[in-house]
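Got some structures for you, see below.
Same chain, two partners: chain A is paired with chain B first, then with chain C.
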Partner chain A sequence: MKRARHRTATPVPPAAAPPAGEQVAPARRRPIGLNALTALALGVGGYALGHWVGSRIAIGMDSQTATDQDDIAIFMGFVFAVAGWLLGLGFLSYPLSRMAGRPPALREKEDEGPGRYFRLCTDHKVIGMQYFVTVLFFFLIAGLNGMFIRAELLTPNESLWNAGQYLSLVGLHGTMMLIMMSAAVLGPFGNYFVPIMIGARRMAFPRLEALSFWLVPPAGLILLSAVAFGGFPTGWTGYAPLANEARGGMDAYIFAFALIGISMTIVGVNMLATVLTMRAPGLTWDRMPIFVWGVLCTSVLMVLAAPVLFSTLAMATLDRTVDTSFFLASAGGSPFLFDNLWWFFGHPEVYILALPGFGIVLEILPVFSRKPLWGYRLAVAGMVGVTLLSFMVWQHHLFVSGMNSDLRPFYMLTTELISIPTGFIFLNGMGTLWRGRIRFTVPMLFSLAFFSNFLIGGLSGFFLSDVPSDVTTHGSYFVMAHFHYTILGGLVFAFFAGIYYWLPKMTGLSFNERLAKLHFWGMFVFFNLTFAPLFAAGLLGMPRRVSTYAPRLQGLNDFVSISAFLLGLSMLVFVVNLVYSMVIARVPAESNPWHSRGLEFQVPTPVPVKNFEQTPLIQSGPYDYGVPDAPPVAALSPPARVAPAAGGG
Partner chain B sequence: MAPDVPDVSPYAELEPPEILAHNLQVGARLAASAEAFALLAFVFAYAYLRTLNSNGAWRPKHVEPVAGIGVAMIACLVACGLAYLYGLRRLGDGTEPGWRRGAIAALVFGLAALGLIIAQLATITFGSTSGGYASVFIGFHALYALELLLVLYWLETLVAQSLHEHTQAVAAETAHVAAPFALMRPAGDALAIVLYAAIALGALGYVLLYVI
Partner chain C sequence: MTADGLVPGQPAEPLHARRLVVIWAVLTVVAVPVVVLLLGPHLPPGNLSDEARDQRHVNIVLAALATPVLVGVWVYFVYTLAAFRQRGAALEDGPPLRGHTGTQVTWVVATGAIVIALAGWGTYELLGPAKGAGGGQGPDPLAVPKDAKSALQVQVIGQQWSWTFRYPGYGAFETPQLAIPAGRVVELHVTSLDVNHSFWAYELGVKADAIAGTDNVAFVRARHAGSFEIRCAELCGLWHGHMRTTGVVLSQPAFAAWVRGQEAANAAATKVLPPYSSHYFPKPLRRAG
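Up next, the complex of A and B:
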């Protein structure tokens, strides 16, 4: 592999020193403290103002006055709400000062204290923690929606919710899970650890990094507001023409997802630029942590797929507000246009979820097997292969949608091909475990469970990539079980592996191990008891997104629902452990509790604001466990000729 | 009241210039990719709906945009690109008058193109309900205007920065000399990537929507 540029010799001018003759300006006083509260206040005010402006614009527009729809007002409300939110955080002052010709600067303090978590801060570690709490919050809300769905399915007839409410619950659950879990790994762990893992002081574009996070809470809140507008009937895919006909809740779905699309694009650009340009000296491509490779591949997908999502949702917005006909066949459009564009984003999105998970588990396995990662280059090839192929499979979602039948074999083949690079990851995992000195810590247990769950998810995917069997199983609970095995069984298990592995480093506090193991076993057992029977339910003909089903399936569904509630209970154990360990017990964690070679564990806990006193000099790969005479992964105080901490590859 | 915030020198806390320059270059290429994929969704919509011609309503006979505005728009975009090229070739440390002239002209032409897009949307004789072509026409122009606005914003910040540095340099006779903005050259180069990508995409849109 090509070696990274080795930055040497020339001493870099001290970053913190002003140029000669430049005087340091005196302290400024901010007129008001801008934080999440001011953001919320201005966001709510912005919505009211935008709604009023939108309703004035809509006057005289036939499409808006002929019905009781007020989509323009709702969209304008959301636009103004987000503008107010960002204004309330202080995001707009910098762009305005740049317009006035002031030079670029990082004015946000990278300081201490809990207040920094509630305001605009450009410290990547603070942003990682902000992401962690936000993602967890929305993950639990989405999980609660899942419980509501299973409660309805305790009986074969409508009981708790009517059909429309049930569909909205399904849509909220799916959309929130998808958009929040897109950020689940890259948000907390990517932002927090990628700069440290590559020996950099910060991300390439810290202000954009902060912006990418601060778009997530309004997206989540706007999506939740769909309930107030009557929900949306389309599920997470937002298919037209149903979306064109839906009520105001659909606007919330479209706007929230578009915001996430913007955030994902920014994250992708930022992560890619960081990894490409800010690697420490000696961090060649073949020494890069496998987690960083996972982030890199995911970022490629985000940069190329998320803009298409944004454009697709822009088309949907225009259809709903100014009566264009992108997705209306009767007026020269086509709903299949939406399907194609949507899945051009949607299928890479699946790998946006999976690839960081691959990275986490392959990062963890060598640590707890005390062996080098088996087939490092194979793992990289697998991730790159998945990245490339993921753009060539999207039409398998349309096998039964009336697509040109001549296209089916191609997409069947590409979909089946993608199992090969995915299989590489399994080979890496199993090869690493082989004859290792395995320690069954909680992160390791979650990583092992990832493999067993994802195996079932992957193998069941074969039935869906194959046209004849897909025709039978499409739209059934078989599909539902499949993607829950890949996303919940895969990504979410990897997410929890990451939490137990890295959160002690992030917080400096240890988890209660007994509660953590209780969480793992509860989650593992009840996850499988919840979703394995749903393969059978699907094969027995139970359709997705319908709150009623054949009475003969009630026993199976009751079993699944009770398992799901117990799965939810296991999440409660996690929350209890989190609160107990981080707030009540507060047992300090060692700086390197797992005896990892990872660079992130070589820095002190808590990680200093600037990460490193000097730019580290990377001396060897991060997985040389059990290798005799392996040098330390990095020299943290390299000779004077190496540049100071500022990153760079 | 919030606590005092120490105001650091504008040049403090940033990465070394060569790293920032590299970041800008890579970031601009990635931003141009994202920009292209966003607009290519509309190009796909154009090809898909035109081929499908659902209900025979792809492009009813009366759907005809004002060709003159389209020509003027593309001319402004080309002029914007040429003016920027002129400025870029004279960009040294960001204080050169030749650079400022080129950049300001590019900004003016870019804003004129933006204005023409808005004028086109405001004066079209067909409505949004007039079939697939009308939808793509309106959608492409709206998103393109947004992207162009973002690119022009970046250009404006560089022009403003250059003027700021120029003012500082003039004042230097009586006051201390501020160091020239070390990133003007790489920022100008990086902007060129997204600007020319935007112009190319605008030209593609013009060919699809006005010529074919």
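Up next, the complex of A and C:
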């Protein structure tokens, strides 16, 4: 009676909740619980079953059975695997209970002990930690792929990998980074801190929140399984018709990316509903932390863009399995259709990566400048402006593709216009530093580096947005350096700023500062030494995604590869620091180590299960540093029944 | 531009903004000529064609504009981080400055003006003097060079994993070598037999995606004899990185001789080729697995 055991969990008073990560014996034994292990077993079993079902379906379809890799069987395998995985976690317990006429069990939140990190748990703080560990794990794998790519490029000819392996590494690196980095900020920090920052006790849809997380590990594992099917040759963009002729690894790519599309849509809906409806009384729009604005704008992008991704991949799936021809010119379809659908998702995706980074750095700068955020409304306008414009620029990826050439001036204009709201973010950052009391803590260093990196990324974008210049730079290493400057230099630096800023609050343990500074300087210096020369490589005629290049470029490439290895080493410093600080040294962190005014730092560490004993009453903005007589950001135990209605604005 | 009076300066430290502007102005005056005069002539893609020259011109202008912005923001950060760092361990708050309307308006107007001017100038360059600057313009090109009517037609066919070229003006022979005459406009019709490729003639400053079922037109006018590298710039599968060859620009008499030789050498093969068309579908696309 698996179900009965699962339901026996009794509510535990919040005060008894153990600190995150601390070794506490679980209150009850669950010999056959619904947890990640059960889920994995059912997932693997589900794949076998689905593969068998799919191969029965494919009987009689020559396009499937004539090849040694049957796409229908692989897709059905993945579908059943995910169903088994969710069943194993207990996501189906609720509908199944209802169908069996039993009262449903919804006790996941009161779960406790370290085991809850491996089970379906609807506590947003647990989900934040689950996201953090998962995203970091896959981020490091994707980074390792980057090292393998650079190792190949030490020589101008194929050396370490053969052509197919090299392309698979390129595709895995890009796709893994894209799908994990889309969740890198909203997953850990959005889930953990948005409810606390807005004075709520939970997210609007806790079970959807759990679902959005539990789709991420199967997506990552299925993407990795592409290696077992011979990899995939398309890079992260998955362009048809190349994708149509690729082998089974392509199915893994399509399915994993589509799962992330679902997860992103859910995250977006959930965040939107939470921020729009669950703000504490007094939290007006102009008192909302700028990070929450960043999350809100990102959520809008996710809700609007991720379904396009899913539909595109569904069409690609139909092309591969039942011989439709959406993207095949020889059968009446159009490769342009894929290009346009892809970038209609793909360009907002770029801002799905960038906006949370804007939010984090603007959240951190005031704390360590001890000043209010300079030009708060302009920052909000910048984020909203980026959100709106990001849907109007996608054809700049297709300037030389043979698209209607009348459209090129329009997309040149919109692309350049988007630098205006992005410039607002720079002005906010610069104004916040002005006459501040700047403290160079590690989160601050990462935030400052963000501006330097993103500046270079943005200015190189001017070359790419101008059609004559783009003719040479398109599809070259110039583009590759450009988006690494904006995504790695922007988002990932902001991600690490967030880690050093918030993880002590999440775990109650502080980082070793010496190692953290070593990590920062290594990462900052070698990031620039790796990617700045790649602008030159692109301008000198090196296309992306090649394992062979002109011998005259070998010196440049060797320099880049060595810098990249040292950049990888700086990540190792981070991992060492993480393990040392969080597992070995375990120096407790103060409840508010940065003397921040943010509401998330006013609650005790570890954060109680319900976050707040009562709904807090927000009294002032989160950045009122230096404001004489500024009240605390919130009254955590306001007298009953004086709270005004939730902020308008 | 970046540093100008973010706050009405308080009497204690009135000079920061002025100092910043002076540092920025001095560095800009030094850096922009360096970029334009020293770096500019070496910017790609070179001088082999009108289109390459136009691209270089655009690159120099953009670099000259980007330099003051880069210098300005960097100077601002270095200066403020040095001048306003917290000395000592005491935790004290800065002045509660929330913004400055004049600065914000100036910033919005300045960035807006730069951006609109850039887009306007870019459109003028693209459609006016640069005439598309070598980019693929699709079947109905908008920016057409002056002598396009007498242009040499060359079809560029991408397939996994090689380039071939058809010359419809000379009996539509097909050859794996690309030769074009100097001083004459060449109208390239880029298409593909299978997946997406991108025809990139680096020194010529030409890039046009090769997409099945599409006639992607790009113009180029080579200025003098020379050779250029051809690569595929769109991931097209296993041997994408090997899809490269070298093309040549010949003087007009040399080109005429080359064309006659090719025509004769390929005569037998030309008979069995499909008739010249803007695109071909030689085989249904099947799974490679």
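Everything that follows uses one rule, which is that the second predicted complex is superposed on the first by the 595 of 649 C-alpha atoms of A that agree within 3 Å, B and C clash if a C-alpha of one lies under 4 Å from a C-alpha of the other, contacts with A are read in each partner's own complex, and residues count from 1 in each chain.
As a working rule, a contact is a pair of C-beta atoms (placed from the backbone, for glycine too) under 8 Å apart; a residue touches a chain by one contact, two chains touch by 3 or more.
Computed from a prediction, not measured in an experiment: that's the story for all the values here.
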item	value
First (chain B), second (chain C), both or neither touched by A:R287	neither
Partner chain in contact with A:T312 - chain B first, chain C second, else both or neither	first
First, second, both or neither for A:R279, with chain B first and chain C second	neither
Touching partner for A:E245 - first (chain B), second (chain C), both, neither	second
Touching partner for A:L304 - first (chain B), second (chain C), both, neither	first
When both partners are placed on the shared chain, which of chain B and chain C touches more of chain A	C
Partner chain(s) touched by A:K505 [first = chain B, second = chain C, both, neither]	neither
Contacts of A:A329 with chain B and chain C, given as first, second, both or neither	both
Overlapping contact positions on chain A, where the chain C interface meets the chain B interface	329-331, 334, 336
Chain A contact footprint on chain C (complex, rising order)	2, 6-7, 13, 16, 43-45, 51, 54-55, 58-59, 62, 65-66, 69-70, 73-74, 76-77, 80-81, 84-86, 91-100, 103-104, 107-108, 111-112, 115, 118-119, 122-123, 125-127, 130, 132-143, 190, 194-196, 198, 200, 202, 205-209, 211-218, 229, 231-242, 279, 281, 283-289
Chain A residues touching chain B - in the complex, by the definition given at the top	12-13, 15-34, 95, 98-107, 109, 201-202, 204-205, 265, 268-270, 272-273, 276-278, 303-308, 310-312, 314-315, 318-319, 322-326, 329-334, 336-337, 340-341, 344, 643, 646-648
Footprint of chain A on chain B - complex, ascending	1-2, 4-16, 18-19, 22-23, 26-27, 30-31, 33-35, 37-42, 44-45, 48-49, 52-55, 57-59, 127-129, 131-136, 138-139, 142-143, 153, 156-157, 160-164, 176-179, 181, 183
Interfacial residue positions of chain A with respect to chain C in the complex	63, 66-69, 163-164, 167, 230, 233-235, 237, 239, 241-242, 244-248, 328-331, 334-336, 339, 369-378, 398-406, 408-409, 412-413, 416-417, 419-420, 423-424, 426-427, 430-431, 433-440, 448, 451-452, 455-456, 459, 462-463, 465-472, 474-476, 539-541, 543-550, 595, 624-628
